[in-house]
Amino acid sequence: MSADFQPANPNYHQEVERILQAAPFARALGLQTVEVAPGYCETRLPVREDHQQQDGYVHAGVQCTLTDHTGGAAGATLIGEGQLVLTADFKISLLRPVLGKELNCRARVIKPGRSLIIVESDLFADQRWDRLLARASVTLAVVDKRLA
Amino acid sequence: MSADFQPANPNYHQEVERILQAAPFARALGLQTVEVAPGYCETRLPVREDHQQQDGYVHAGVQCTLTDHTGGAAGATLIGEGQLVLTADFKISLLRPVLGKELNCRARVIKPGRSLIIVESDLFADQRWDRLLARASVTLAVVDKRLA
Amino acid sequence: MSADFQPANPNYHQEVERILQAAPFARALGLQTVEVAPGYCETRLPVREDHQQQDGYVHAGVQCTLTDHTGGAAGATLIGEGQLVLTADFKISLLRPVLGKELNCRARVIKPGRSLIIVESDLFADQRWDRLLARASVTLAVVDKRLA
Amino acid sequence: MSADFQPANPNYHQEVERILQAAPFARALGLQTVEVAPGYCETRLPVREDHQQQDGYVHAGVQCTLTDHTGGAAGATLIGEGQLVLTADFKISLLRPVLGKELNCRARVIKPGRSLIIVESDLFADQRWDRLLARASVTLAVVDKRLA
């Protein structure tokens, strides 16, 4: 399920693990890693009651967080040592009201770059891969850690 | 600070309060209402450690949630009785890494409509209104509650 | 190359042909139809000198026009008789500076709907399908012709 | 009507003029400069029949081109000598079907930067400044001319 990309940093798993484990907001939300590969990341999120908006659906903010964070991890597989990614632009099309026991997110780099990385991040529920719930476009700025 | 709009429902405060009080995800995040007026909503969010991403900044997902939710409340001031709003499209430009004790969000309807409402939602920190941190465009679908 | 959609109007080709033939701006640009199927449209555009921006690349506005217009045609394959589509939201990621003799655009509905249709529209040059140049997300409002 | 920005290049007018005069697609469309200032650009476009889409409104592609191009010019007021801007991300909310004799576009930098500049670009018709027709967000990549 990996894209055909060459990581710039052979130890890219370190930075991606850091993103996936060390981010307090993603951890508080309950995000779990499923798979990481060059240019690719898949995560899952067990849905809790406190993820809902006022009508019982999963809040758009949860969908944004999951697709953005997974997208950032996918992008971080391709950056150099001593660099990090920051989301510069984020756009999501929320295609259907979201219900389910578990959200699934698959993010794929569609354009690597030295200063900008473009990722597409898709949202599903309960592993129903034929039923796209939301599609996000994440534009990541690649920044030197010393300058961030 | 209110825009020049006529609410379709004289009791619009009810639906807006429901959005601002009854949404579990916004409540868990800590979102607080500051002001509601036709076509306008302002909220604040005391920043907690569990709002951070992996580098100590406020997570993009928190910025998305706050601007989306406040935008939804601003839009809901203009819908009819028995209707609700669902975010269809959401786009945010994250202009600067976000730090601060408190986030402030001001959302303004820029185009009302029967089926689509367009809201612009701006993010600041610590009431520094001259320093825009993020700007979101929220496209809301207006839906009959019976059909949602 | 068609998606698995049922057109609401058996004569959908009429409305799509109208979009593809009767739009003066698309005609002046030189847009040509390649294929139409339910939920899908492919077009081509022979690149002219007057399509360039100031540095010799194809202008972003040309890329927007081609992806938007082809997206509108793809969406129009799924609307009912007496309806038309209007673009409500348009977002494009311009992945690479664009050069070439011919642009190719493939648009696919990713979510049909009664009032909103979401289309993804991809741009290539010289039929190099492995080299994505731009990806657009087109949110179409479905409107009754009498009301437009 | 100018924003409060310091141009990095005292001869910034040269690069902006180049954008506004030398771009074949903008010239073919009929775009005219009204005002340029640091972080700001205003243009006008006399509407022609060949700017229309299939229902007589101004084509979304024309709205995209005008807001993108004017946004690029606004951003170019702030770049250094030997640099140029390329649109990386473009998003537009098309608020109303557009009719009129003349389009008016006002673009304003909302966030300057060394590698990314964010511009907001507003569209009006016939100088009705109280009636916003479209609002675009333009993310510009700042690139060295030698690398472009």
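By written order: A, B, C and D. Residues from 1 in each chain.
Simple rule for what comes next: a residue touches a chain if its C-beta (ideal position, glycine included) is under 8 Å from a C-beta of that chain, and two chains touch if they have at least 3 such contacts.
Values in this document were obtained by computation on a predicted structure and should not be read as measured data.
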item: Chain pair, A-D or B-D, that carries the greater number of C-beta contacts; value: B-D
item: Separation of mean Cα positions, subunit D and subunit B [Å, integer]; value: 28
item: Inter-chain centre distance, subunit A versus subunit B - centres from mean C-alpha coordinates, in Å; value: 23
item: Centre-to-centre distance between subunit D and subunit A (centres being mean Cα positions), rounded to whole Å; value: 32
item: Shared interface positions of subunit D, touching two or more other chains; value: 88-89, 91, 93, 139
item: Graph class of chain-chain contacts, one of line, ring, star, complete, other; value: complete
item: Subunit A contact footprint on subunit C (complex, rising order); value: 91, 93, 95-96, 110-111, 118, 120, 132, 135, 137, 139
item: Residue ranges of subunit D in contact with subunit C within the complex; value: 18-19, 22-29, 49-55, 57, 59-62, 64-66, 68-69, 72, 84, 86-94, 97, 148
item: Subunit A - residues contacting subunit D, complex; value: 88-89, 91, 115-116, 139, 141
